[in-house]
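Got some structures for you, see below.
Two complexes come next, and they have one chain in common, chain A, joined by chain B in the first and chain C in the second.
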Partner chain A sequence: MKLTIQVNEGPYQHQSADTAYYFAKAALEKGHEIFRVFFYHDGVNNGTRLTTPPQDDRNIVNRWSELAQEHNIDMVLCVAAAQRRGIVDDGEAERNGKDTTNIAPGFRISGLGQLVEGGIQSDRLIVFGD
Partner chain B sequence: MAMLHVVNKSPYDACNLNTASSIMKEGDQLLLIEDGVYGAMKNAKAESLLNGLKVSVLGPDLAARGISQDKLVDGIDVVDYAGFVDLVEANDKVQSWL
Partner chain C sequence: MSDAKKFMYINRKAPYGTIYAWESLEVVLIGAAFEQDVSLAFMDDGVYQLTKGQDTSGIGMKNFSPTYSALGDYEVSKIYVEKESLEERGLTLDDLQHLVWEDEDEDYAEKDSIRLVSRAELADVLAGQDVLFNF
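Right after this comes the complex of A and B.
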């Protein structure tokens, strides 16, 4: 089964960023394919490399980055949501005149069309959020 | 065409479970996760909503809230994350009642 996962909630907010991650991991362990994880609304905060949670807490951002790299998963942050919340990659820094970037490894910034395509190309679209 | 309905809000906090349970069709499946697991408790607010429905609840979220399985409405299936994935596969569509 091919899956697209939508995450609408930021890390350390309620529980959905964790639920989505554990669901993704379980799906991969069962041999399913994750076509894309699309981060929307506050979910884009899952993709900033500048978070520093306490050492005895889970690192939600790094966990996503590692999952993306281990399984070659396309992780997309919604561009309009990212701009509002200050999540920046090289292209956005240049376009909007920002002096730095903060996007975490394994993520990229793109548009809502990526969510639509994920829904079309996948067998199931599952939404996690608050 | 079976649908998996996912509810993640407590019935004490929101009316998502009322909406989901009233809209579910024959053959559909309900999965309670996160604070939604409070909806699976016996002798509690939402018990009557579950009559006649196929109901599963996410075990790790029960454990995180200290709810033991003997507190659940009879006939509810407790699943882990792998079971969650199986439910997604077994149903044609997934509706999250956020």
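Right after this comes the complex of A and C.
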């Protein structure tokens, strides 16, 4: 089955970031295809490479990056949500005059249309969040 | 439209305490360009999103409630409001904005967008959708 996963909550604050990850991993292991993982609301905070969790805790951001690279998954941060919360890639830094970037490897920033397209193109859209 | 999916946006939270309501509305507006069969549902505290006379001047947040009245222009004409959620909060339809859309097939006659449905009826509507966006 072709799946799009929407993650609405930030890492560490909320279990959704973990359950979405474990769901994605399990789905891939079962042979399903992930069309896209779309991060919205505080979920965009899953895509900052500046995260530094304590050493004895899981690294949620790196975990996503590794999953994306291993399985070539399209992971998209909503641009409007990312701008509000300070998640920046090269394009956004240039457009908005920011002096740095913080997007983690394997993520890209794009529009909400990518979420709607995920709903259209996939067999199931699964939302993780409150 | 034959390939269009039935998209429903479910709104369950009050408008300003969290950002879900506003960012949900942003998805609806963007999604309108994709020509799917769109409907919205308002339940639980989400019914507060549609109330009349919202004034955010005291909290420094943007009052986005006027945007709901533009949904008709985005061809969003099916807005389901759960009756029990209104009643549990002491609200009636009169407390909500009067939302309308123009029917091109009937000489642009203005029609009500809001459909008041019971919890059981809304469950049936949800069961008939292809894609549920849950906010």
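The rule is short, and it goes like this: the second predicted complex is superposed on the first by the 130 of 130 C-alpha atoms of A that agree within 3 Å, B and C clash if a C-alpha of one lies under 4 Å from a C-alpha of the other, contacts with A are read in each partner's own complex, and residues count from 1 in each chain.
Here is the rule we use: a contact is a pair of C-beta atoms (placed from the backbone, for glycine too) under 8 Å apart; a residue touches a chain by one contact, two chains touch by 3 or more.
These numbers come from a predicted model, not from an experiment.
In the superposition on chain A, A:K98 makes contact with neither chain B nor chain C.
In the superposed model, A:E117 makes contact with chain C only, not with chain B. Contacts of A:L125 after superposition: both chain B and chain C are touched. Touch criterion met: A:A27 reaches chain B, while chain C stays clear of it.
Of the two partner chains placed by the overlay, only chain C lies in contact with A:A80; chain B stays clear of it.
Legend: residue contacts after superposition of the two complexes on their common chain; A:R108 is shown touching neither chain B nor chain C. Legend: residue contacts after superposition of the two complexes on their common chain; A:R49 is shown touching neither chain B nor chain C. Contacts of A:Q15 after superposition on the shared chain: chain B is touched, whereas chain C is not. Chain A residues in contact with chain B (one complex) as well as with chain C (other complex) are 8, 125, 127, 129-130.
Those residues of chain A whose C-beta lies close enough to touch chain C in the complex are 6, 8, 40-41, 80-81, 111-113, 115-117, 119-120, 125, 127, 129-130. Partner chain A is touched in their complex by these residues of chain B: 6, 8, 33-35, 60-61, 80-82, 84-86, 88-89, 93-94, 96, 98.
Residues of chain C touching chain A in their complex: 5, 7, 13, 19-20, 23, 26-27, 30-31, 33-34, 36, 131-135.
Per the touch definition, chain A reaches chain B in the complex via residues 1, 3, 8, 14-16, 19, 22-23, 25-27, 29-30, 32, 124-130.
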